[in-house]
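Right after this note come the structures.
Two complexes follow with chain A in common, the first pairing it with chain B and the second with chain C.
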Partner chain A sequence: MANTVIAQGITIEGELTSEEDVVIQGTLRGKLVSKDTVNVESGAIVEADIAASSLSVGGHITGNVTASDRVDLMPGGRLIGDVKASRLTIADGASFKGNVDMDV
Partner chain B sequence: MARASSSTSHGGSAILGKGAHIRGRIAGEGDLRVEGGISGDVALKGDLFVSDGGEVTADIEAKSVVVEGTIEGDIAATDTVSIRASARVSGAIKGSSVSIEEGAAVQGSIDADFELPPELTGKAGR
Partner chain C sequence: MADVTVVGQGIFLRGSIRGEGDVEIRGRIEGDIEVGGEVTIADGALVKADVTARRIVVRGAVAGNLTGEDGVRLEQGARVVGDLRGATIGVAEGALVRGTVQTGNAPAERGRARTAAAREAKPAARAAEPRKPVPAPAAAAKGNGLPRRPAAIAQEERTGPPPPVVPALKKGARAALRKRSR
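Our next item is the complex of A and B:
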């Protein structure tokens, strides 16, 4: 079970910081910083810049994304914004608009 | 890990874990369990549970509120407010009923909406 879960039906406007993993199923506007994994699940709406160790995108994100490890765009996921991560996967059925910086 | 067992039918149960902090406004249909920190505003249609170690500096609107941690701010519950022994609360507390366990530290006002028994209203038998 994830440490922090923003469930469906919950809206956060502001800044969420966490030392541990975060799952978003609801709505977040503002900023999200986690030292661990962030999982934006299907149905979630995030309008925020995200910094995390790894990020999995099944919902919709508008904002720039930085991951120290990896970013995975899942089928049905949508990301509008720039990605900075050493590893990036984009699954069949995901949509993405933005720049990629893989720090090579 | 202990979990709040109840959850409203409209939304899921949200958890803000230890080491997590929200600065801003939280609103929604479901329940929220706070083990970390919140500074800002909380407006829930569901229940708020602040566990021991949780720190909330915010005005709170919720259905019911259970506090084992710390709340600084006004609490307005449509249902009950339970302040457990480990809690520290400062602010105006409003609810349909308010309970405070021995050992809790509370500073502020308490406004519980209840019907006074007829012998106290001055209307009975006159």
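Our next item is the complex of A and C:
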């Protein structure tokens, strides 16, 4: 099955709507709505609000994040923005600045 | 070390894609694409954008101009409404195209390389012509353009022929694309 990958040298600006998993290794500016998981890998830079079923943050995200399932901030990951998810993990080494609402 | 960027089948992007690296599009895109690598538009993709890349290979539907520095190739199943521009242009049997076709160097170098391009364009155009499937409306536009072009190029200035703006044609094209994609 095709997996959507935004590779490292690529910058996407705009609104991205997805029905499937998204892996971001490059730069995304705008808005991302996914019905499935979003994986922001180390080295990725995202300046966008993200809505997903679950989100894994290994890179830099500036924007509000809403997940229907869970949000995981990995070591080295950095999130500046609000999180709205029923489950949240912030690993040792992750950086986070924002509000958390788990009452989803 | 850039991997291939894949815009999967369930994706709809409204915006631009820029950067270095190769891009494979299987979903829907509205906007514009400008990358330094190779762009492959897979079967089932719907691209409503101008695409500028080093090389473009099309198997899906595109409404927009394709500019491939090293070349543009339309494979069978490709449906393109837009202008093709590249060093070499290939249109496989079964591909549908409506727009102008121009081989030769990129506009930036066109002044200097004009005579060289004219020499290249002449055999390339003649060789490509019999292979291309020629849909009726496009034939009229291309038929007028092709034999005249090599001679006219040497005398023409850097600005190429103006793109044909035919509202009726555009409307029909969209309906035809929709019909064919069903």
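Simple rule for what comes next: the second predicted complex is superposed on the first by the 101 of 104 C-alpha atoms of A that agree within 3 Å, B and C clash if a C-alpha of one lies under 4 Å from a C-alpha of the other, contacts with A are read in each partner's own complex, and residues count from 1 in each chain.
Here, a contact is a pair of C-beta atoms (placed from the backbone, for glycine too) under 8 Å apart; a residue touches a chain by one contact, two chains touch by 3 or more.
The shown structure was predicted, so the numbers you read here are calculated from the model rather than taken from an experiment.
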| item | value |
| --- | --- |
| Side-by-side fit of chain B and chain C on chain A, or clash | clash |
| Touched partner set for A:A7, first chain B, second chain C, both or neither | both |
| Contacts of A:T62 with chain B and chain C, given as first, second, both or neither | neither |
| Touching partner for A:S53 - first (chain B), second (chain C), both, neither | neither |
| Partner chain(s) touched by A:E15 [first = chain B, second = chain C, both, neither] | both |
| Which superposed partner A:Q25 touches (first chain B, second chain C, both, neither) | both |
| Those residues of chain A which chain B touches in one complex and chain C touches in the other | 2-20, 22, 25-26, 30 |
| Touching residues (chain side chain C, partner chain A) in the complex | 1-23, 26-27, 31, 35-36 |
| In the complex, chain B residues that touch chain A | 1, 3, 10-30, 32, 36, 40 |
| Residue numbers on chain A that touch chain B, as the complex places them | 1-20, 22, 25-26, 30 |
| Complex contacts: residues of chain A adjacent to chain C | 2-20, 22, 25-27, 30, 35 |
